[in-house]
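Alright, structures below, take your time with them.
What follows is a pair of complexes built around chain A, which joins chain B in one and chain C in the other.
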Partner chain A sequence: MLKRWLPAMAVLTALLPMSVLAMTGEEVMKKAQAAFLYPGKDFKARVTMKLIAKDGGERVRELVMLRKNFGAPGGEQKYFMVFFKPADVKDMSFMTYKYPAKDDDRWMFIPAVNMVKRIAAQDKRSSFVGSDFTYEDVSGRDIEDDSHAIEREEKVGGRDCYVVKSTPKAGDADFGHKLTWVDKASFLPLREDQFDRKGAAYKLFTADEVAVVKTHPTVIRRTMKNQQTGHRTEAVYANSDYEVGIEDSLFSERFLRQPPRKWLD
Partner chain B sequence: MKFSLVEFSIARPKWVLAAAALLTLLFLTQFPKIRTDTNPKHMLPETSDVRVWNDKVDKTFALYEDTIVVGVENPSGVLNVDTLGRIARITDAVLGLEGVASRDVNGFTTITNVTAEDGTLKVGPLMAAAPKTQDEVEALRKALFGNSLFVDRVISKDGKTTAIYVPLERGANGAEIADRIRAIVAKEKGPERYYVAGDPVARDTFGAEMFKLMALFSPIAGMIMFAAIQLMFRNLALSAAMMGVSMVAIIWSIGLLIGAGFPVHIMSSMAPVFLMAIATDSIHIFNEFYFRYREGGDKLAAIRQTMAAVSRPVRFTALATAAGFAVLLFMNIVPVQVFGGLIAFGTVVLRLLSFSFIPAVLTFVNEDKLRKTAGGEDVAADPVARLLGGIGAHGARHPGLVVAIAVAAILVSVWGTSKIHVNNNLVAWFKPGSEIRVADDAINQALGGTSLGYLVIDGKADDFIKRPETMRWLEGLQRELEKLPVVGKTFSVADYVKRINRVLHDDDPKFDVVPDTQDGIGQYLFLFSMSAKPADLNNVVDPAFRQANLWVQMKTWDADAMRQVIAAKDGYQKAHPLPVKAEPAGIAWFNLVWNDEVLGDLVLGFSLALVVVLVILAIDFRSLKWALIAYVPLLLTILMIYGVVGFVGKDFDMPLSVMSTLSLGMAVDFAIHFVSRFRQRRAEVGADGTANGRLASNMETVAESLAWTAARPGKGIMRNALLFAAAFSVMMAAPLTPYMAVGAFIVSMMLISALLTLWLLPALVMLGRRFLIEEK
Partner chain C sequence: MFARAAFLAVLLLAPLAAQADLALSGFLQQNTAFNTRGANPDGRHYKWLEERAQLKLDAGEGAWNLRLKGDLAWDHLGRQDQSELREAYVDYSSGQWDLRVGRQVVTWGLGDLVFVNDVFPKDHEALFAGRPLDYLKRGVDAVKLGAYPEFANVELVVAPHFRASRIPDARRFHLYDPMPAVASRATTMPGQGDWGLRLYRDVAGWDAALYVYRGFQRTPSMRADSMVAPTRISYFYPRLSVYGASLSGRVGEGVLSLEAAAYDSPEDRAGSDFAIPNSQTRLLAGYQFQPVEDLTLGFQYYTEHMQDYSAYRATLPAGFPVDQRWSHTLTARVTQMFLHQTLRLSIYGSWNEGNGDRFLNPELRYSFNDRVWAAVGANVYGGKAAGAFGQLSRDDNLYLQLRYEF
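So, the complex of A and B:
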């Protein structure tokens, strides 16, 4: 019985890449999440964001970003950020406890009034530091919030990709659906097309430069462009590094007020 | 050449008619491409300073050109579970509409609120979901009235009215979206009343009405004229010819307009009625033809004689009319230029037809019928002609009295004219009871106002706006502006800074102030930008914090409101010097600029028309003296109308200003006919010694010639004036006030100037006969 089918199956497998048969859209996105947001035990980078208006006007955001995993990919994470630029926000610091399927906890230290304030995180789709990236674009969106389907396969910059269509299950997102081009080899998202709820092109994410850091392929340059306003944000992750030994105790109000020097270079 | 055209038309009438029909069909093929444009911004060219500047401001601060305001009113207060549920449902439905900039819709469910609860700072939608309990309603009430950013913007002081601000994507049709919003609110049952207002609604509704008026009133005006002509000449062929001529001219002109790619604008929508009215100048041809036919009895000879007698005045009246409209080409307001060119072209077409189409039709007129009806055309027997002759004779007999009355009229009119108030208010273009006026009034009364202006503060250095002194200056300016009765609400970046300061300090009202350091302000705003919608901050500061945008909501669309805001700003700047430039922007500023442009155009256009018409008169009469005399009834007519406009207190707006320029070219026709025919008459029956009375049996005194002129060509003038007035009287029944005003203006202008021509002109001629009449 099986033998009769074997030649046909051999032809099929030769024609189609193995992985299509093996993976669903959701699995691709899970792997992408792990590769993009969860590699290593911890991660550190000096992030410079250029917020560029349509007419070329530029603003700069510069910060150190520290991230530590507290579980498997898709699980809990903590982020710690300290700002350098613009000048008047120097020494402001920001901390997020990120939980799967639950609102984040966020705190901010405001040096001018020497105050740590907890910030309600009701909208993960709001802008991160005034850039075109949302909080979710920076730290990830729950896989379960969307339904995912592989639309097709396509090359991006010479690399084979899955094109996954993700549609939010609830109507709370600012986008109606998005297409993600996930690199078959590294599982990094190389491009993401967000469409608004009316189906018009909305935001476009591109991974502009990928480098291997301590065995982890890492997107060290990325752009998010709002195609409706023409505004875009270019982010460079300099000095990216993994396994740097971030202590659990860093993620506290005490260090938010007084971040340890060693993490600030 | 004109005569050969007439001869050709008499010889080959069918050819002429066929050619006219063919050309008309050709122009008709352009009609399906028709577009309308009702955007008042297009009144000024895209390259005009104010539009370039406003576009720049829109870009810098991510502003929308157009916002619809949806007012929700509940006499017992909107803060209850039911009404709030409805508001949430309505807002949600509005967010899904095509053309709505959903991300920046501001209503209870979407507007950003900054609060602190249990030590946690919350920046997010004021009312994410409709409250289900009374406690939640009370919490919302506290949030609303505890935040000065909301009072008068999304909630009225009495709590009975709220608003949803719906910005539109570029190029969206405001009237269509307003209709869909009306359909959405119509689904809700309850005690609430809903108002849909805002500039795009008014403008696009105006556009829709305009189309209706064009389609409805042009034929009605046409029918009225047809009936009037029929009544005057009792010959269907003649009436049809007259209407045919105007239809052909209308189709050619509008076809050319559309074919050339111009959209139909408020002015050009009135073109059909204008062309119809101008076509009535052909009445002089018919008028004279009837008299000549009765005298001679030979149809073709009567046509030739008629064309010879009236060709000169008809040509020059056409020239004057065309020139009067062509003057508009020098205006700054685009639709007015287009309109001027359009009518000038139409007038030339009309005259061309007068010398071809009309003689051709006359050849077809049945002679039996003609004899019957033309029999009535006898100056001596005709009661109308006798009456008109009497008027002319009265003027000629009592020149001193008539001129004294005219001088008195001038004085009174000048007084009235001094009271004229130049103002363009788009919402006031609708009648008081209309839905748009009601909605606009309701929202203006309850909330900050539907008319929006900006003051752009430029500090010329990065982060200048973050300085505490700048913030305090902004705040002070806001308080100063809010003292003006026309200003309902202002807001600026300072309001956000103060709000955050207060919220961070446990909602302590003591901290509802601008903090002392620039770092503090910078950090607050950074904090705000991390949670708010991008537009919240973008709308009030530029990314580099060099510029701030102060929003000023006004309760009226009157151009003067923005003028007051600017004056208050200037005063404040003088009293509180800060090295910033503060410049007005926004639609309210545009309206003010446009308004002043209208005034400037009026002065320019009127002066130009005065000169051009005088030159044409002088050339026609080959005499400056006669030109000046013929000018007087015309000037007095316009002055009298201005006087009435001033006394009545009617806003002097763009349509009226254009009318006054045009009226010169149109009303001068009567004087041209009168003077030309009078001098012709003198050449035929005049004497060497003007004041000496009869020298031969067929000779007349000057006074007699004046009476004859008032009776015979005067009847043509009166017929012309009545037809003109009849056509435009339709516009007085329009639902839009500019059409009404234009209708009233033209009707009164035609009747007054006809009367003055027949009465005042003879008086002036008598007084000045020694200078004017140099008969051999």
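So, the complex of A and C:
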């Protein structure tokens, strides 16, 4: 794992301007958002999520995730997902138009009745396909929804990190506050501790494996653990790739009903 | 027959398609629905009792795609052949258009078990007999052309042969019959096909669509040879044209759906033939939202308006149930997920303000693992004897669905 890191570190350290040292919490989180959720014009991965119960029981969710940016980091994005597993959601597809500072638009294709349906969903805390990740954990949370402050600096796995405390401005988040360990070099969040509103440890995010994909350091294995229930979800982003040439027209009812085969591997 | 042909086709095509992208999947299923309020008209106590295997083949190569989906059923209610070819079509996809030819399910509109612009065949019996959702729609044998020019998306569905909706079987459901003594009955199917056109696009963040349908009512009307001393009843499918529109978009925390359609009965424009449905206006408004995580609420208001009500009243024979000029229906659905969305409680209720027609369908569904799920539920009906649900008030049932998917 460390080996995969070395080239990226060399490049990024050389590029780092001195002014970074005087960043605010908000600036760190903005850079983290750009590095974690917005690199490249577009992105594609085959995501396998293992939902692991406290007793070890496992369920698997497998999907292709396609993402395209329609603006600068923090701006509009579109997501397109097609499910392979489990069997009862196979061929189900899912589309999100994500807007800054506004709730997403979402559509779902239900193969059982061959119907495309616009769906209402609580963006803030809804679990993503029953996993420990929320929709926000997968596709991001508006930076402006929280106030951010750098608490301290600390190493995670030998890497220098800012530790940023984020507190929601409104009461509609899944957490009371959270601490994020943001890598000073790559600006990827390597660890996130979420606390509930009573201040008790709630969910723990860890970036378990980072690889450089087309110059973008990318978290290709991650875990979210609910420390209160012992349930956890491990997500592997296989075949991660950027600049794959996703057309604007993909994000349409036509392709929700019939996803182009070229995107399904 | 169809199913056997499909299975044979799967076997024959499998090696041919070996070089294409190929996926074979399916399920084994047990489905039981038993009465909770008495026997069927045929004396049995089950609405449904069968084991079923489904095989689905998807094969693709370049711009082409093939889908075959067939069911083999083992029925325990003395019915001959419940096996069927569910879907069998070929897709061709080009940059700006695509084509689907063969048996396919087409669903239009926005309603939740309320159909305004969804003029395609349904299986009402499947809903009432506690079968899984996949059986709510019947495929049509049709050509579907999709075109995607700049101004709008276009979908044209042309079916050379009309396919009716499946209504509950009178041997297992207590259907309202104004002339129960007449034994001689025959059904005439339309001798031609039907077509529908849908135009849809985004309008300022809203999903907007226009619909046209020219064809026939999907459920039959009945006519007696004599109103005084009837000896013979014929069932037929009156001509129907539908012109509709729909709109859906985000309002507040949820999704608002609006749908409207004019149902034109060309065989009875005057509305004076009570055997043919009067021309109608149908309006639907629905709102769906998620107040808290894993809980979804959906509400619908649906109204039907008869166009030529006085003509209908003037010619309706005495003793026949009277429909109202305006019919108002409210529906609600509550869906709550538990245990990482592996356990789902869903309750659907529908109530008509005019005749008290009502339907309640609670269901609990659990996924034991990634391959096996089971659902238990109930269908509870009520209302006046001639109402759509009211006639079924002796048909309340409890059902079980168990499926292993592979």
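Keep this in mind: the second predicted complex is superposed on the first by the 243 of 265 C-alpha atoms of A that agree within 3 Å, B and C clash if a C-alpha of one lies under 4 Å from a C-alpha of the other, contacts with A are read in each partner's own complex, and residues count from 1 in each chain.
Please note the rule applied: a residue touches a chain if its C-beta (ideal position, glycine included) is under 8 Å from a C-beta of that chain, and two chains touch if they have at least 3 such contacts.
Keep in mind it's a predicted model, so treat the numbers as computed, not measured.
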When chain B and chain C are modelled together on chain A, clash or fit: clash
Which superposed partner A:197 touches (first chain B, second chain C, both, neither): first
Which superposed partner A:92 touches (first chain B, second chain C, both, neither): first
First, second, both or neither for A:169, with chain B first and chain C second: neither
Contacts of A:253 with chain B and chain C, given as first, second, both or neither: second
First (chain B), second (chain C), both or neither touched by A:126: both
Chain B versus chain C as contact partner of A:261, first or second or both or neither: second
Touched partner set for A:155, first chain B, second chain C, both or neither: neither
First, second, both or neither for A:214, with chain B first and chain C second: neither
Residues of chain A contacting chain B in one complex and chain C in the other: 51, 59, 86-88, 112-113, 115, 117-120, 122, 126-127, 129-130
Residue ranges of chain C touching chain A (in the complex, touch as defined): 21, 25, 27, 60, 65, 91, 93, 98, 104-107, 110, 132-134, 136-137, 146, 148, 153, 200, 205, 207, 248-250, 253-255, 257, 288-290, 292-294, 296, 337, 340-342, 367, 369-371, 373, 403, 405-406
Interface residues, chain A side, partner chain B - complex: 51, 53-55, 57, 59, 83, 86-89, 92, 94, 108, 110-113, 115, 117-120, 122-123, 126-130, 174, 196-198, 229
Interfacial residue positions of chain A with respect to chain C in the complex: 51, 59-60, 85-88, 90, 103, 105, 112-115, 117-122, 125-127, 129-131, 231, 249, 252-254, 258, 260-261
Footprint of chain A on chain B - complex, ascending: 59, 62, 96, 98, 102-103, 117, 119-125, 128, 463, 466, 504, 515, 517-524, 526-527, 529-534, 537, 542-544
